[in-house]
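So that you can tell them apart, the chains are marked A, B, C, D, E and F in the order they are listed, and the count of residues begins at 1 in each.
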């Protein structure tokens, strides 16, 4: 089993049940989550030593975050407490043709307003196999754009592999800002989650002009790897959105000049798609830590992501054994 | 923005959650609704001055009706209070192959037992663009059959366009009674929601014998318009009921001798189909008030109806901007 | 109307709502059920005199079982009270590709630990048309394997028809134990629910090698009947599991050398599939008691089973009239 | 154990949870109850053969009534099905200083509109020890005023003891109507629940002018018995309403010229006081059937009533053993 | 009936149910409220024309605020939409000895960050009898301290009476800041809600040294009025906090040199005390508008406040008739 | 901060909400708890290193136990997985005069059937300040009676202080068995929770004959200490049960020949009293580890216990700061 450190923001999600609009809701479900926290939970579920580093306010919501992470066995010794507030967002669940709707209220959070790194970096990265972060962190502020690079250098120096999920959010920064920052980050990265839009918008790769889905994915992976040969593994999911209730999901991975693809999962109905990508990333990092074959890596990760869609909340709640049993058993069988 | 007056009965719906039978239920969800009230709410959501005229008892249920309408900005100055009771009905939600089941308990309601018009008609119809009512009102009693015509004459005299939704309910009157009354109403009507069964049963139009769906709809619209050239717009939805959980819905409209049809919406899953037709009618009247192109009118109205199926309760809960964004965005995308 | 006695274990099921894992659940839904109890409830719903014989502890859970059965009009005069505990199990609802998951906690129940028959058998089987039991009972203990045969002999002597549902549960006994016991039971049986796996594993019938689904079913029925010509009716369902949320279900029946098959029901979504087989068996026994045509028997039983999948809880909650209206009305229509 | 027949109306109660107003409620709890039905359930809980005779509509609500009664083992063979509707009422739960608020919607129910007795009276009263009814039934219509007397005569003739609960409801009839009817009923009565207001308003007994609570109760019992020496037992509760959440309750009984009084129960908090009086009456009839000492009769009945206040729903849900254990154990102890 | 304009911030309250801690909560109840909005709702309930002026974001939460106010008939034509966010706070309900606990997250709200008055003041105050605001508004920012005085001058000029609720919140400003601002406001005020702590901290009134509760209240009212003879009515409640579940509440009022006091209400249990003071203020303003006797004014207002404690949510949900019936009926009686 | 190891059984509690009987419940709340686990959680909340050693089955319920403990930061490295089942019990919540009612289903649990100690005792007790266990463990089996003494010897040898909570349960063993076992345990104990009944039944101390409550408590503590001078601290709570909803609670402690008593807490209403004693024990051990004054120790522990009664679930959910703030703030004040 490995040790992984993930660092990023964690927020309170307040969501309605399917069929109720935000403006009509008399109550909200509360879930705590964030891309990097979700990856840490996945890895803790699989038995790895997973550390989540962040900053949350010294109030009951901050304690709730800590309890949430502890529940899954995530190491919270690097979870700082202090600052003004916990970022929140409101999610109106989508149904059928009607997509979900989000109201963000995340500005000014304890994590977002950090101006300097308040962790002891040597301690943070001690004996760490992988350091994972996402493109949301540099999107939060000019400070964070600088701090992100500082973190990467320190992690690299401490001997960590770097895992980076581009995860572009148009509400947080412009494509220009994002592109500049991402291009500064990628030279440090070993494992990268990025898709065709990332390739085009941030790396200036010309659009694919062929007709094969599979070739298209390979094209972008190859083109992204050219300027960054340091990135040994690229991965992402292809999602066909039939509706807010029905998606198809296929995992893809590019490594050692070869392309791997999982079976296609029909997810019908979707209980909660928030965190689906994080469950995939968590599965990929697990597979890489276990030195599984790349085919097994992508199969496991996609199965984990498909499972995530069947439970409420942002985080994967399945153990390695459960993900593997799911892969083996096939669709919808009862385990008695 | 226009001013629309709708008049009709509003009831309390007591419904079970999917998977629970009426005879087993330990609690019921409460929703207030009625065709004309639902149309008024749609129009208020779109920014029009919508007045709902009716009569409800002077008790907490009557006040609940008022609060429900106020919530959406409907003008309740013509909502009379008094009389014996609020009509109610019990709805056992359908699931998959099993259709919904209804137990009516609506007889003797404050509205149904009205013997004379208790509104000041000049005031009621002042500066009003459209007066909307449905075939349920004349179905309630012999008195209401007369009062309906009185209302139509007064509205016409006050310069209103008349909108009429045939909305035949076999539990309330016989086809013979209905036909007689409807034929007395149609000469006053400008905009009419009616389908092929209405055409056959109440206007004696012989069944279509061709094989084209589209031609069939046009055939009935044309045949219905022949005796009533005063009706400038006909509209209705075509619904393919795959199951209680899955329907396909297409809106159709006939105006100026031309036929317009929306895209087909796949509604899967259906959260609540009650009020789907009213949301369609509300969208049509909105489009007509806005003098939109007929294609836009029917597209908007069908989108509004499709959205209604995704929320609990009888009434449309979407603004004009939201319906338009839904039309633009396509199926199931998240709006972040 | 007939009189039917069913005898077996009844348990408390504690289940989560879809989307919540067992280890995460803050509450559980409570349902009482068991194959034979469920069959008794079906038959009571259809107007028969249905007796359920079992043993439950003298505590609030035992009383809950009694109230549950009484609610549907099942005769509980043969429901003994005493012994150590009520068997329970935990069900994590499946969703889409992810199947349901079960944690059993049924060992040592008041029924399972019975060492002798505590009923007066003459009284138990008085004026009884059918005695129904399942393969779960002999699976519970060596004692029960003996007691089962004693029961069958007494029932036979009292003039009952014997109905037996093989219902093999791999967690309770081995295929060898099961085969031995089942082969001891079948000579007493008149109506038998068994499928192709039962035929192969317990009766040693060689696998079908053809390609026709229908032929395959007939093949097994024929082969099973050969050694047991006393069994006049075989029946079972064919279930295609698309996912935990979507199944297709077809009922089949073999009698008088002829094969009967219902239409195929698409069950989408499944609310609760527990008890679906029992609802089928209940429908079959009803049809046989009513001396309906075999086609009607299997159509009715399959419709009853399809309906069961649309409600929470283990038991069929539909009357004969409702099942027949469902058959007549078709998919998803509202009954207003 | 005895046999008791109770006859009266049963209604659907729709209630809010404490702290939610009727006009604000998004859901209602559903409970079925009525004075005579509640008494029948109490007696069935104690092991008597309790028959409830009434009439409910042939719809899902009617079936719900039947299932509700069956659950507790009440004999529903005399529960007729048919007629227009089930009476309902809405209850806004009271809290502290704010009392509960009721909206009745009971007019025109299947029971209330009965014009003749649809039971075979010989069968109804066969082998019956006690026939119980209340003053609500004659209050429903002029027909019911006549039918009530017819029932009493038939019951008397069949050898039943007559139990009558005055239960005056000012919303249903005037004191004059009530007085006339009640005075016509009392000559048939053996056991009567009536209080000081009943004595004054219906029997013209002059108000007590002394100062002793106990003497006052005795005074009214004596004065009521004078004109009706046929009434061998009078009983009622004295309730001190501190608030909607806190009441004190003492049971009183008058028999053989002697007065009996239970301890005073402090009921804090009240979960649901509906049916508290019926639980008391049920306890009294049980004690009389068991020929317990009058002190035990009133102690048991008051304990049963106090227990009723601690559970949701109209009916007593405690067995004889549980009521007796409650009496023995004292206040608030855990039974482990 | 009068016209009242209230102006202030409105927030989203997210609260747990009693017995669940914030850090443990899986869902939150959502209520919208603020002192001035709550006063407006009270007045609309009593039939006055109540306008609430504020600013909320152009998102679903802003629309929820509008719908909430509309529901009670509050005029929302002066509710501006725009700005960054809606202020929120989290409330952990108190129980018994354990008081409630609050986590504020209100900084940077659309209302709080306003730098100039975005209403047309002539229009805002047109034909207005009373303009009501509270000390929370000037506490929000230096800008608001200035804007508050600008508003008061304009209201005064337009002929409004000014109502001011001191409502000191130590989390928002220091006593020094508050004192300075309050002393700048009071010269414009006609009706003022202030208590003994306000008198001491903001007006420098020396502590009362006597022993009579009543005299103490009068002392502070007199001393406060001395420097501000323009204030014709002072009012406040005296609350004895026995626990988070039990309070005693008495209303007091000082006008025309005389002191008025309501009866003492025992509030047990408290369902929700948020908004209790606003319900009192709303009742006072109603009484003043109706020119009731001062004794009736304070009795009505205290009854309204006591009722508020019995319902969930921030706002009074009782009509004038209901408050008066409550005063007349006494404690805990059922209204049937 | 110290290190404490607690060892014992943990069970799943299934409870109804107040007002619903077990036999009526359609759902149960799920809580995991046990005396020793609850003490460990308290200590983890206060910042100590708390280890809980036990054995739970390798299924979802076992994982749920682990997640529950992790959530509060309890060290679960000594939580073994395996064995047949998790013990459960059903709790019907008490209300007012009606006490709670319990149905146990705990026999044969993974922990109860342990025949040997499966922990490495050196590792278990390494660097441990206190080893805490209760009288429930030796009550489970003859094996556990032996194993308990083995554990105590090992803990003593490793230098731990021994904390023992007598916690007699009459359903598990006889007073004779208990007395023999307890007398074998006490010679190893340093801190002991025991009350007057324990003193009389297990140590043969003659009943106190005086009249002072305080003297009585001191008498029993002195008499218990006489034969066991090794026990330096005795502690227990005095509980006055007014009803299931209202208790008074006082903590008492005896150390160094002096008696200490906390203030009396009025707990009204009680949300959940399960675990109240464990929260007291956890507070005592915390105070002893912190070397607080004995008065502070008992005040803190009693406050912690009082707080526990205000939240759902078995475990204390309050930090040291929160307990201290509660002690300082007094009854029912809001912390804003």
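FYI, a contact is a pair of C-beta atoms (placed from the backbone, for glycine too) under 8 Å apart; a residue touches a chain by one contact, two chains touch by 3 or more.
Since the model is a prediction, treat every value here as computed from it, not as a measurement.
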Distance-maximising chain from chain E - centres being C-alpha averages: C
Interface numbering overlap (same over half, different under half) for chain C and chain D: same
Whole-Å separation of chain centres (CA-atom averages), chain D against chain E: 46
Intercentroid distance (Cα basis), chain D paired with chain A, Å: 63
Distance between chain centroids, defined by C-alpha means - chain A, chain F (Å): 42
Two or more partner chains touched - positions in chain C: 21, 23-24, 26, 67, 101, 269
Touch-based graph of the chains, sorted into line, ring, star, complete or other: other
Chain-to-chain touches, reported pairwise for every pair that qualifies: A-B, A-C, A-E, A-F, B-C, B-D, B-E, C-D, C-F, D-E, D-F, E-F
Residue numbers on chain B that touch chain C, as the complex places them: 18-21, 23-24, 94-102, 104, 169-171, 241-247, 269
Chain C-facing residues of chain D, complex: 67-68, 70-73
Interface residues, chain C side, partner chain B - complex: 265-272, 306-307, 309-313, 317, 326, 329, 331-336
Chain F - residues contacting chain C, complex: 14, 21-30, 59-61, 63-64, 67, 84-86, 88, 90, 92, 101, 103, 105, 107-108
